[in-house]
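Consider the two complexes below, in which chain A is the common component and chain B and chain C are the respective partners.
Now for the complex of A and B:
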């Protein structure tokens, strides 16, 4: 069996590799992230954090999607979601180089492209070497497996959180025990002492940002604010909870949403569709095309876990509850979608099947049945935001048009 | 009021003219070829000539099909899913489920009593199961496309065509010919392969009887027979299955005109 190993672990080299790979991407053009000030701040903060992870002095943890980063910040560890970073690379032509590397290394094209491109970036040695790899098993087990393999690539310690599917006292207590144990493991592996005062502050930042986030969601419920809705999703995808900067981003977004809403008529009627699944770059042709006809509300940003505030008195318990809420449990999934669908007075649902994503494809079947039973108009789109070999707009445009005609 | 519907498909471009009594005055079919704008113009002129009309007598042109947005003289364009639904509804208003197999995709469409689309599913990832597939297979077997239906009726059994890919299926068919499998059995196997995929598509939207089939492939009686056998129900076909999208587009023109 071939075992891949990253031999040159110097982050400066990896940084140069990354720059070379993305040579055509104009990262300095901040206006391409959109018109909102909040989007520009988020983009700059992201860029800063990514740059910091390439510094040899930084403590870096690869952290899975929606990992409770609040437990890392008290150790001054910088979380890096390598899957999100692959999505960032997908906005440049660099992704094709990374995907080519995976093919040259015998990785099947049927694998989820998010995972495959993360492999490609690692194989091209463009990620910064981690100090530690942290992972949770949601939203999919593939991410946990990817993290495990990355630990092998870089020969680094691997810590995993096993998040239960159902929310009850036993599952919360099971996860709280894991949090307490993992904090000791981080101390041991990084030689950094846990700082409770910092942790309290992090929880406070997390809640402050979340309160602005929730209030912004309420505005999008009442007014047509497409850019704000999209930015809510981007913030959720960035998983910045616990960072001081997240408070600034969410506060700015709320203020912008509030100012925009004053100029709008809440009775203005546009057809609304609920987008369930991953969101590609806002310039992705499906989004651009749909936005000409309907208002898109992104379910990902509106999940119960995103509306949940942490309890300062019992931070681990509330982190456990939030983590479980984030699990794509079928019953909660249906309940949450029904709730959002009704609250936002939607006209239909668009379900996105990302290439190779077993998780979404399984859920989308459930969602189709659920939509049919509830007389909800729906559309399923197969798409691949990263590998253009797996998708063409002309394939899906016809069904989008038919769906728009139906609603 | 006189309306024209033009359906610019991947293989053929169809047109139909309707008057305000919803009567089909004429219809026409041409190959799409490499220039769908040109094929739309050709069929438009053909259908006008067949109906004995000139352009100035046409009130509205509605286009559909993959090339629907590429016709300069179109007054409105509508997806072929809606057009097939309306077309079938005009001619057979009792129909509730439609299977449309065109040149490069297939669609299962569920409609209500007014011909509105309730739900639909499309297979457009591969030409296997579509008109293009039959065209390629007929070439591989050196038989005429329009003869496939009759040939399949002579089959003693159906050869198993397992592939879900047009190119691989062609290889499979060539291999079956090489080992001496009778052509009718191969053709019947091809039909069953297409119908098997189509029935899965129909079941995903939930089959509500009565069922009809539209699209060029519905002209193949071998396909209709296999479909009826597999669904164990009658499948209705109009006199103009290939032109249903164009008829539906012209009918939508009439509805807009109201």
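Now for the complex of A and C:
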């Protein structure tokens, strides 16, 4: 069946569709959000934000991974990352139906599963209708294409943020101009007046949250705090920078990390492994298995771009720099991993190639060369967190066991 | 007519030997968004890296990934095998994720005297035009520095005229394929377009002048049996076996909306505008490649060609793992079906290994349409 235009755009209907799709949601997973107070707050805030996006009165923008949400918050627009939402749906049995519907609609199975599932969820009319679509090219070609397709699908306007690959005066200036132009376009499309005071506040919240985040990272550098490390990644993945709630979450996490660090047995030594690549939910079998044997440090949360603080005097310029730093790039990738590897005194690296992620596949091969040259023990795993046709734990486990023996 | 046609086709087949004989700096390119005119104006011979000789991609797989588009892997294989060691360098364009990684793998692992990476916007607007123009000015400056020369406005204008002439000649050749009884086969057409990218620009233009005159003289022939007209669109494509399969069914390939077809030579650069501005506008205005965001623009362009060439069936060819074309396909198919145009989707590698299964699918698709 081919269906490319949403006819029923009522968010209440879509909310009911979403509930039906998640009817058999793995409830056990929900209860295992984690023992940390920060994790619970983050989970509640996420749930609240998602619920709000299904309300007809809300202004909703689809915004991809690493989109600078700080430019949306001054307009009280709620950004929805449909790729992250797909990860949420991945915990329910419905994910298989969503993937099937994409095949019925001629989307190739070679495309990254995150994109395929997002497409399937939209086809099943389980996302809330957006008011506007922000197209950013940060993670990949497919996500940018998907955003455009969604604009066509819901018949809604899109605004493209074209992020260059290399950091220089020209690319920064190009992005600054785009931000200013996008702000005007948002005003025009939503009839919401830009409020400079709110924007300043948003930048302030973004930095406050980041400072707690960075201080927490420093604690994980010194102490074995696996749950904290995991939560840092979860926060990074939700891209909450600019929300007041993000300050609360990061502050709580820092306080918890500080308290936990005081209670640790300093004689307890665990091998440390750097996890490079996308992260599945914490009950995914690879993670559960590894966590019994080693301490995992999640690189994504430690990316230089993610630690970058915004300049209150020149917010657009600093947003531009951060945006470019988020682009995949071999030199930055290698530098960042080397830095983290040395600072955290790692014992090995696990590189995860998520099915269909061309950027990471290309970069990880180069990382292998780097690891070999520097006598770093590494393991490369091909995995798919959503489509079981592309992955079997039994095969991966043999390789993990061999890697654990080596380190 | 056949002699001159074969002479042009041979230009493509003999491209490496010809390029080696040229006593000028030579520069390879991988995306049709490369502004060849600027390089030509600097006295550089430009040629497309085709990946034709990169059949064994084992080493390239190790530097990138098995799950990469075979055109990208084959191009890198050619680099690894030293096929282009005679060249001064390669111009890369941000034409897709895999080509970005190709740029990094190539420049880090293989010795190049010169390379340049052009950032290409996905969405065409005033700001992205300005930025692309800036990229082209930077390329000009970079070439001037590297080769210690000055690229004058006159050099640029002359280059634009030369390339516009090639475009016009190719457009005239394709125009003749709109006839009910075209004399140029699909394989010949693709080989001619590829010949235009083999570095012998003036020779190509001269030979094309002769060929077109000969075709025009011969084109007055008519016949009784009008053939089923097929269009090819999608990824990088130059697989002669697939075209043979299509044409052996009794159908004829009349148009290729691909980078080895119309997408390479359509339109003209405005010779009256400031040269760099005109070059930038030309490349961005023909933004109908799958890499660009606007699928609707791509579809409208495709549909216009279908009407102009009186196409009966469309074959959408995507290289395996060519994400941008794979993402566009469901939408393009839907829109074509709404217009009553049937589409066959073929996914393959540049150096096809499963031609038999593809043959069966093409035969079944076309025969059910034709008889």
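In this section, the second predicted complex is superposed on the first by the 394 of 407 C-alpha atoms of A that agree within 3 Å, B and C clash if a C-alpha of one lies under 4 Å from a C-alpha of the other, contacts with A are read in each partner's own complex, and residues count from 1 in each chain.
Throughout what follows, contacts are C-beta pairs under 8 Å (C-beta built on N, C-alpha and C of every residue); 3 or more make two chains touch, one makes a residue touch a chain.
In this text the structure is predicted, and so the values were computed from the model without any measurement.
By the document's definition of touching, of the two partners only chain C reaches A:165; chain B does not. More residues of chain A are touched by C (comparison of chain B with chain C).
Of the two partner chains placed around the shared chain by superposition, chain C is the only one that A:110 touches, whereas chain B remains out of contact. When the two complexes are overlaid on their common chain A, residue A:196 makes contact with neither chain B nor chain C. Once chain A of one complex is fitted onto chain A of the other, the partner contacts of A:402 are limited to chain B, with no touch recorded for chain C.
With both structures placed on the common chain, the touch criterion links A:362 to chain C but leaves chain B unconnected.
Look at A:372: by the touch rule set out above, it reaches chain B but stays clear of chain C. Listed in rising order, the residues of chain B touching chain A in the complex are 66, 78-82, 105, 116-120, 122, 124-125, 204, 206. Considering their complex, residues 62-65, 67-68, 94, 96-98, 100-101, 104-105, 108, 117, 119, 121-123, 125, 127-128, 130-131, 134, 138, 291, 293-296, 318, 320-321, 323-324, 326-331, 333-334, 337, 345, 347 of chain C touch chain A. If you check the complex, the residues on chain A that touch chain C are 2, 4, 105-108, 110-112, 115, 135, 137, 140-142, 144-146, 148-149, 152, 160, 162, 164-166, 170-171, 174, 177-178, 181, 328-330, 353, 356, 358-359, 361-366. Of all residues in chain A, only 368, 372, 377, 382, 394-395, 398-399, 401-402, 405-406 touch chain B in the complex they form.
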